[in-house]
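Okay, so chain A shows up in both of these, paired with chain B first and chain C after.
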Partner chain A sequence: MTASEPTLAGADRRSPVLSIENLTVELAGEHGHVRVLDDVNFEIGARETLGLVGESGSGKTITALSVMGLLPKSARIPSGSIEMEGEQIVGCPLSDLQRLRGSRMAMVFQEPMTSLNPAFTVGDQIGETVRRHRGASRRAARARAVEMLDLVGIPNAARRVRSYPHEFSGGMRQRVMMAIALACEPALLIADEPTTALDVTIQAQLLDLLRDLQDQLDLALLFITHDLGVVADICDRVMVMYAGQVIEGADAETLFEHPEHPYTEGLLRAMPHIETRSGELFSIPGSPPAPLDRPPGCAFNPRCGYAEPTCTADAPPLRSIEPNHTTRCLLAEKLRLQGVQE
Partner chain B sequence: MTRLVVRRLLSLIPLLLIVTFLTFSLILLVPGDPAVTLAGDNATPEQIDATRERLGLNDPMLVQYGKWVGDVLTGDLGTSLYRNEQVSETIIDRLPVTLSLTFLALVVALVVAIPAGLIAGTRAGRASDKVATVAASVGVATPSFLLALILLLFFAIWNPWLPATGYVALEDSPWEWFRHLVLPAITLGTAAAAEMTRQLRSSLVDVLKQDYIRTAWSKGLASRVVVGKHALKNAAAPMLTVAGLQVTVLLGGSIIVEQIFGLPGLGQLVISAVNSRDLPMIQGVVVASVIIAVLANLVVDLLYGYLNPKVRAQ
Partner chain C sequence: MTNPRESEPFLQVSDLSVTFRVTGSGFRRVPLHAVSDVSFTLQPGETLGLVGESGSGKSTTGRAVLRLIEPTHGSVRLRGEELTEMSRKELRRKRQAMQMVFQDPYSSLDPSMTIADSLAEAIKQHEDLGRTDVRERASELLDEVGLGRHHLDRYPYEFSGGQRQRIAIARALAVRPELIVCDEAVSALDVSTQNQIIKLLERLQDQEGVGYLFIAHDLAVVRHISDRVAVMYLGRVVEQGPVEQIFERPMHPYTNVLLSAHPIANPARQRGRERTVLRGELPDPTAPPSGCAFRTRCPHEFEPCATELPDLVEMPNGSFVRCHLHDQGPVLGGSTVRVLPPESRGDRRAATSDETVSTDAE
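For the complex of A and B:
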């Protein structure tokens, strides 16, 4: 990256915490490698929250795992770059990853019930990160663990550090996961559907907590969800993923009010509080293609109500339709898609 | 925890009753009459009858068993039919040999199984895993007498580094005790080592796929910590269960190994007792073995609670 490259608008912006360019990921399957992530690009700056939304299987978790260097062994990255605070993650040695993980970048997983080790106390599991990255003593690590449990809103922190994961509810376990992730004050937090497995009230509490923590720690937050309601709550910018591709990206408000991709429109219509005239919940017909049999042209065309013959021809690239608004829909200018007003 | 200990010790009582009753009935079913042997070569039928009467062998089986239980309750395991020895004294005499052998065999098994299982489990599918897996199959399948012969040839006969037979008590000379038990312990422990390697490998492969291992990686921990701490503590629990079962297997196996290496333990004792139908002696050994097995499993359960906090809470 040289300063003379005109495409980089970075001159006047602060350098991003995380920057992903042209990332493509393939997983080994029974019939050779299948592409599960195709040409993904995005940046996140400090204090910024980027939402990543899409149906199950669209590649959200794979994106997150790529950043953490935690892709399954069968995965390969044929092209692309992931820079964490300027350091290249793709192809870097394990020791570099181990230095960055937990200290500069951290992740909270989708599965609160199984992501903590049942054989160790939560205090141990929080403190161990601090010991690893800051060389803290046992005692200092324990103190930090209490502090973190307190920060994530677990009552009786001083006593609870000695509890085991099975003594916590799902919501509490996810708080513990946040305590672990944030114990070394990372620059980037990836939250992969952190509330999906939890009930609604707990969900709201955790989102509040996440917002608070982001303010306190200047976090860059990559927030993954398939719930657009949550996105509206917490995200500055949103990227919509479909079948391994980003199909639309914009400021949260813009995306909600003026979606520029029929799939986004469908997702918005499927939100629980938007009801169709008949009072039934809308859902996009059909299901996303399996990575192996993507249709030719636009990946969404078989499910798209607006599809035209051109849509099945060439795979459309992600293009800017307005400043800071990108879409992969060829017909975006022609269509008048329905957004939602808040 | 105290509750667990008390419960286990109480469960000993019915267990002992059942096992000794079964032994008792089985021995009486086997043809052969100790009275004939005891009365001597030239005994008349009357003399044999008298001997039988003196030993109470004419009583119905239940009466005989009841008498034995009654004696045991007063702390008397009886005397040997032949040797005019207190059963309890003989057992206390022989017990250290068998315990030493079983203990060292378990040590051999663990010393082999933990590194081998770790290597195989973390490199599942690769060459070192395959070597370990094949070695484990060979280890499980090798009969102990064959292994003993090979070991004896290599380490006692061609290279006279270790004694081939005999036993020296630990309190007499720890070093000689160890030297005399090395080959028997390896012979006895090999199958257990192989079994425990397989168990550790498979539970490790399973544990390494768990979400909490991914969490451990995501924290930036070194591979050594992820495997040696986070995975091993979880994978050790199923291996420990196998280890507990192996104690019983090892006790059984020690009978043969004691014969081969001329170790004066419970195994030798029970073989000669069975051959001569020395009922009180057989019962004594059975009681001792059951108690050892139950205590060993109690220790395993206590350790299990350490590895698995969820169990400890219950």
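For the complex of A and C:
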């Protein structure tokens, strides 16, 4: 791990639960392999929540799938290491992955319907992981399924375990995914957009549940979300991704108040506010580069209002600008970027 | 916005109800009233925001309006034509005018079709174009949703969640519909991309008068895009009205809870905040509480709430609300529930008539 990595007070620095170094991932496309992750580094300690935000298509889900060993078959990892509780995931045999998945690390997927099996009741699907990883009896697995459904706020859980996924609303399916993921009390939970279909009150309950579980189980949490309100609520540290790279990382408060990358500034500025109905919504002009058509230098430079000639020269590395605050912007010292107000 | 009594509205939904049969105790099938007596209108160029608790019937309402689910009861009229009585064939023709962007985009895209083919199929429903023109139009559409033409020949599984969501939007726009039901259609997008899509939707609305039924849990987005808003709880609309009234002067206790639970995107402020928690358990939709379904969690429950279902009553400010605080007493009679102290269970005299008058006079 490089010394420039942001650290967190309270997290156990000696043995992070998850540690990723120099991870690069390529996916096969029509015109050969395309780099979708480029030199990603981070770690998460026990009881720590790391938020992963960024542009749609920037590589957040691919990062998560790499950890779970669930990358598409067309993927290859030319370099990098992923250690889960000290065990190397990159290149490890499938049997090891299967042992880790569900018991030590679990993931809530972005689109629940694609990962729930429509042919089995939700109770069977929660119970299945408990039986497989814990050797629980059928009866104990059923009891655990009811307990978990109840915990994620599904009313009348004892009856609803017998429902099929299509009988649930979008937000209820998200909570079923959460119940499956948490059933075996993993050390690492990766949650990919787990609250997109939840109203704010149920969302708040779910975040409280995660905080409780963190205290009880020392859970390490990787939280992928576009909802900056949720990030503000639950994340200790935040990493921002753009075009396959981490472009900024800091503790949550610092990142919101003093962003050090123009993309982060743009993201914060684009946030719609509930207090007022703003006239025109802001969006960052342009769109992200096509993977085979990356601009020279900083990947964000064609869309950046602050870009200078140096920005198109060399690809900037992720560097420390302050203790526990990293950025890929070459001009960060010079710019005075706007964070959230108040 | 427009006066619903003026003329036949573009879309008129009356007393729409959907009941599912689900497994009950001992494997008996029991009814689940997913949507009960929902009514609203939509004018061309208008947006109705639909918000509410997870599982309250928003998606089911959207699907039933387009008859992707058969309504159990009620009427849906599009330009005066009754959709619920139409034959399948007529309906298929009408579908072109009405599109839905689904909450789960993966399941709505054909996995075996490239994006170009999928968009072409939709474009050809509306326009009679040659092959190269269709492809050109398809790449224009992709461009509009912020995806480059280099994506044209890829398959749905090769995209990120938010990219798929935008493909689903592009596909809905391809047939140039008059009505789009957007079910959490921008929820998988980063805020900058989200704003870009919202601006696109608004532009189409200005240019072509598209109407939107906009289902979302992000209240800031709903506030921005909607002309009117309906709030659902356990299958029923509990409050409905002009967007500014809903956000500035919520009348229903559930609306108020929703607004105050919205997280603030500022870690220092969000963490220092008093948390609003709803008391009580989420009710079981197959055995909803008697009277007002929200009463078991309401901080202001009083004696008629358990026995009588409140009517949806029109208020002086143009909102409709389903709550006894407004029709029994009269206590609140049209002023916002915010004049009540947060916990005033059983004490419906908390708001004096003076306060009622002063809030109304604003």
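The rule is short, and it goes like this: the second predicted complex is superposed on the first by the 298 of 342 C-alpha atoms of A that agree within 3 Å, B and C clash if a C-alpha of one lies under 4 Å from a C-alpha of the other, contacts with A are read in each partner's own complex, and residues count from 1 in each chain.
The rule is simple: contacts are C-beta pairs under 8 Å (C-beta built on N, C-alpha and C of every residue); 3 or more make two chains touch, one makes a residue touch a chain.
In this text, all values refer to a predicted model and were calculated from it rather than measured experimentally.
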Inquiry  = Looking at A:30, would you say it contacts chain B, chain C, both, or neither? Reply first, second, both or neither.
reply    = second
Next item on the list: Examine A:228 and indicate which partner it touches, taking first as chain B and second as chain C; both and neither are also allowed.
Entry: second
- prompt: Counting only touches as set out at the top, which of chain B and chain C does A:313 meet: first, second, both, neither?
  reply: neither
Winner on chain A touched-residue count between chain B and chain C: chain C
One more residue to check, A:116. First (chain B), second (chain C), both or neither?
first
Q: Examine A:287 and indicate which partner it touches, taking first as chain B and second as chain C; both and neither are also allowed.
A: second
Check whether A:153 is in contact with chain B, with chain C, with both or with neither, and answer first, second, both or neither. second
Chain A residues contacting chain B in one complex and chain C in the other 111, 114, 167
The residues of chain B that touch chain A in their complex are 210-212, 214-223, 225, 229-230, 233-234, 307-310, 313
Counting only contacts in the complex, chain C reaches chain A at residues 20, 22-25, 27, 51-56, 59-60, 103-107, 146-148, 150, 153-154, 157-164, 166, 183-184, 187-196, 198-199, 217-221, 223-224, 243-244, 247, 257-259, 261-271, 275-278, 281-287
The chain A residues in contact with chain C across the complex are 27, 29-30, 53-57, 60-61, 72, 110-114, 153-156, 159, 162-163, 167-172, 175, 192-193, 196-205, 226-233, 235, 252-253, 256-257, 266-268, 270-274, 277-278, 281-284, 287, 290, 292-293, 340, 342
Seen from chain A, its contact residues with chain B in the complex are 68, 70, 94, 97-103, 106-107, 109, 111, 114-121, 128-129, 132-133, 164, 166-167, 177, 180
